[in-house]
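Next up, some structures in structure tokens.
Same chain, two partners: subunit A is paired with subunit B first, then with subunit C.
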Partner chain A sequence: MNFTFESNESKFLLRIADTSLILAQRLAEMCSKGPFLEEDIALSNTSLDLFGRAEELYKIICRIENDKFEPDELVYKRNERQFYNLKLVEQPNEDFAWVIVRQFLHDVYAKEVFTELLKSENSEVVGLSQKVLKEIKYSHLHAKDWIERLGLGTEESNSRTQSAVNHILKYIEEIFNFDDIDKTYLSNTAEIESKWNAEINAVFAAYNITRIEVPPLSMRDYRDGFHSEYMGPLLSVMQYLPRAYPDAKW
Partner chain B sequence: MVLDRDTNIHPEIWELLNEVPDPEIPAINLVELGVIRTVERTDDGTIYIVITPTYTGCPAKQLFKDLILEKLAEYGHHKVEITSRLNPAWTTDWMSDATKEKLLKIGISPPSVGDRVIVCPQCKSTDTKLLSPFGSVACQSMYSCNTCKEPFSYFKCH
Partner chain C sequence: MESGDKVWEVFIQKKPGLAFKHVGNCHAYDKKMAIQNARELYTRRSEGRAIWVVPSDQIVSVPLDDADAFFDPADDKVYRHSTFYKIPSGVKHL
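Showing the complex of A and B:
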């Protein structure tokens, strides 16, 4: 299939949709593997929210692109280099600390982005953003609570959280290398970055986590479809069934 | 603000929609839940229904549509088009007090503005505590009552 996008708005929304989808898939991997029942439910609920968010965004994108493809095709038929999610969200569920750190760093960012999108000229995007912000509130508080407990918990929980942070911070820089497309639809990108930094620094400082200096990395940008090595295996699991049995119906 | 819907247009259709239960909370129907926004009918008899989803990740989203189509088909309405509209976003403010009363009766604590006063559906105490912000379905949180000690589900205020 040909997955070229004509409109800059759909290119922009695709970044957010793919980020939601891939994080949803990562959290879905945790279903039945949570440390206890309530936590299992919390992670699965958050995953559902993110799948739903992605689905609504894909529907908007398909309409903008005159329905030349369907949401399911965007999910199941694109190859790795045709996905435009943040590398942050494809990082694996190495342990529970990784799940929580990844979620917290994402949620603070997503909260700022959807707050900006309340000013969108697209009324469907505005409606979706209103809804999404109410949903992010739960996930964001949940992740922040856990950062507190893990950071201030035991020596072991703190060191595991610190090690998750040290790995995941590598994938932050690209988020704020906003390009012209981002700047067309996000009126205040500088503020998104400064608010993100302010909140992350304050929370880390309060809960005994260090924000290490990340050396410059030679990684190409997610906006051009580049990924870390973890993306391929994720897609192979997510896309296996529709690729093995094309057009299978439930 | 409860509902800005005009149910006087095509009341016979609204009546049928009143018979479509919420698949997750069958005690209330889709009209009471507030997801059905407008009903229109063209001269050739096609019925156009606009719905607004409750939660973006609600697994019942597709089921809403299927159940509406099924109910209308049962009464001979086969030409039905359902579209989804996101703006204005669905809010629990669209539920009437009568609907909230129904929720309380079946053991679900109804949404309270700003999640402030959360009533135990068992003993009606307001001395309750949050167990987990996430519950058995996307729209609910888990609480327990400090008075009667019973756990219960709370319909999140959105």
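Showing the complex of A and C:
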């Protein structure tokens, strides 16, 4: 299939939609593997919120692109280089600390982005933002409470959280290399970055986590469809069924 | 935060003004986690707008062994029910 996007708005929304989708898939992998029953359900609930958010965004994108493809096709028929999610969210569920750190760093970013999108000229995007900001507020609270427990918990919980942070911080820099498309639809990109940094620094400092200096990395940008080594296996699980059985129906 | 795995009893209020109803319990290590876990387990299908959680060990109940002494004496005291009054014919909704 040909997955070229004519409109800059759909290119922009695709970045957010793909980021929601891939994080949803990662959290869905935690289903039945949570540390205890209640947390298992919490992660699955958050996953479903993110799938729903992605689906609504894909619907908007398909309408902008005159319905030349469907949301399911965007999810199941694109190849790795045709996805535009943050590398942050494709990082694996190495342990529970990784799940929580990835979620927290994402939620702080998502909260700022959707707050900006309340000012969008697209009324569908405004409506969706109002709805998802409530979900993000809860998920953010949930992740932040866990950062507190893990950071101030035991020596082991702190060291696992610290190693998750040390790994995941490598994938932060690209988030704030906003291009012209981002700047068209996000009116204040500098503020997104400064608010993100302010909150992450404050929370890490309060809960005994160090924000290490990440040396300059030559990593190609997610906006051009580049990924880390973890993306391929994720997609092969997510897309296996519709690719093996193209006529399968829900 | 205080810590330690505990069981919490969960009460949900469907709408403002209605009584909180006991719906079950959940595990949690602290108050915040208890209220969040209760939310995950018991309100994911819009069951309510308010939650109470109470540590199960804070609930005082009649010891099972004493149940006979506590409750059996009431069984043969039918006069405690207000069934011996004549209802005036004019009263319709009693």
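In this text, the second predicted complex is superposed on the first by the 249 of 250 C-alpha atoms of A that agree within 3 Å, B and C clash if a C-alpha of one lies under 4 Å from a C-alpha of the other, contacts with A are read in each partner's own complex, and residues count from 1 in each chain.
Assume contacts are C-beta pairs under 8 Å (C-beta built on N, C-alpha and C of every residue); 3 or more make two chains touch, one makes a residue touch a chain.
Nothing here was measured: the structure is a model prediction, and the numbers come from that model.
Enquirer: Consider subunit A as the common anchor and indicate whether subunit B and subunit C clash or fit when overlaid.
Expert: Here the two partners, once superposed via subunit A, clash with each other.
Enquirer: If we overlay the two complexes on their shared chain A, which of subunit B and subunit C does A:Leu128 touch? Say first, second, both or neither.
Expert: Only subunit B is touched by A:Leu128; subunit C is not.
Enquirer: What is the contact status of A:Gly52 with respect to subunit B (first) and subunit C (second): first, second, both, or neither?
Expert: first
Enquirer: Tell me which partner A:Tyr245 touches in the superposition: subunit B (first), subunit C (second), both or neither.
Expert: The answer is neither, since A:Tyr245 touches no partner chain.
Enquirer: Does subunit B (first) or subunit C (second) touch A:His142, or do both, or does neither?
Expert: A:His142: touches subunit B and subunit C.
Enquirer: For A:Phe36, decide between first (touching subunit B), second (touching subunit C), both and neither.
Expert: So A:Phe36 only meets subunit C here.
Enquirer: Which partner, once the models are overlaid, touches more of subunit A's residues, subunit C or subunit B?
Expert: If we count touched residues of subunit A for both partners, the winner is B.
Enquirer: Just which bits of subunit A does subunit B share with subunit C as contact spots?
Expert: Shared contact residues on subunit A: 38, 41-42, 45, 141-142.
Enquirer: Of all residues in subunit B, which touch subunit A in the complex?
Expert: That would be residues 52-53, 55-59, 61, 84-90, 131-136, 138, 142, 156, 158 of subunit B.
Enquirer: Please give the residue numbers of subunit C that touch subunit A in the complex, ascending.
Expert: So the residues of subunit C in touch with subunit A come to 1, 26-30, 32-33, 36-37, 40-41, 44.
Enquirer: Note which residues of subunit A are touching subunit B in the complex, please.
Expert: Touch residues, subunit A against subunit B: 38, 41-42, 45-53, 55-56, 59, 123-124, 126-128, 130-132, 134-135, 138, 141-142.
Enquirer: Enumerate the contact residues on subunit A facing subunit C in the complex.
Expert: That would be residues 36-39, 41-42, 45, 141-142, 145, 148-149 of subunit A.
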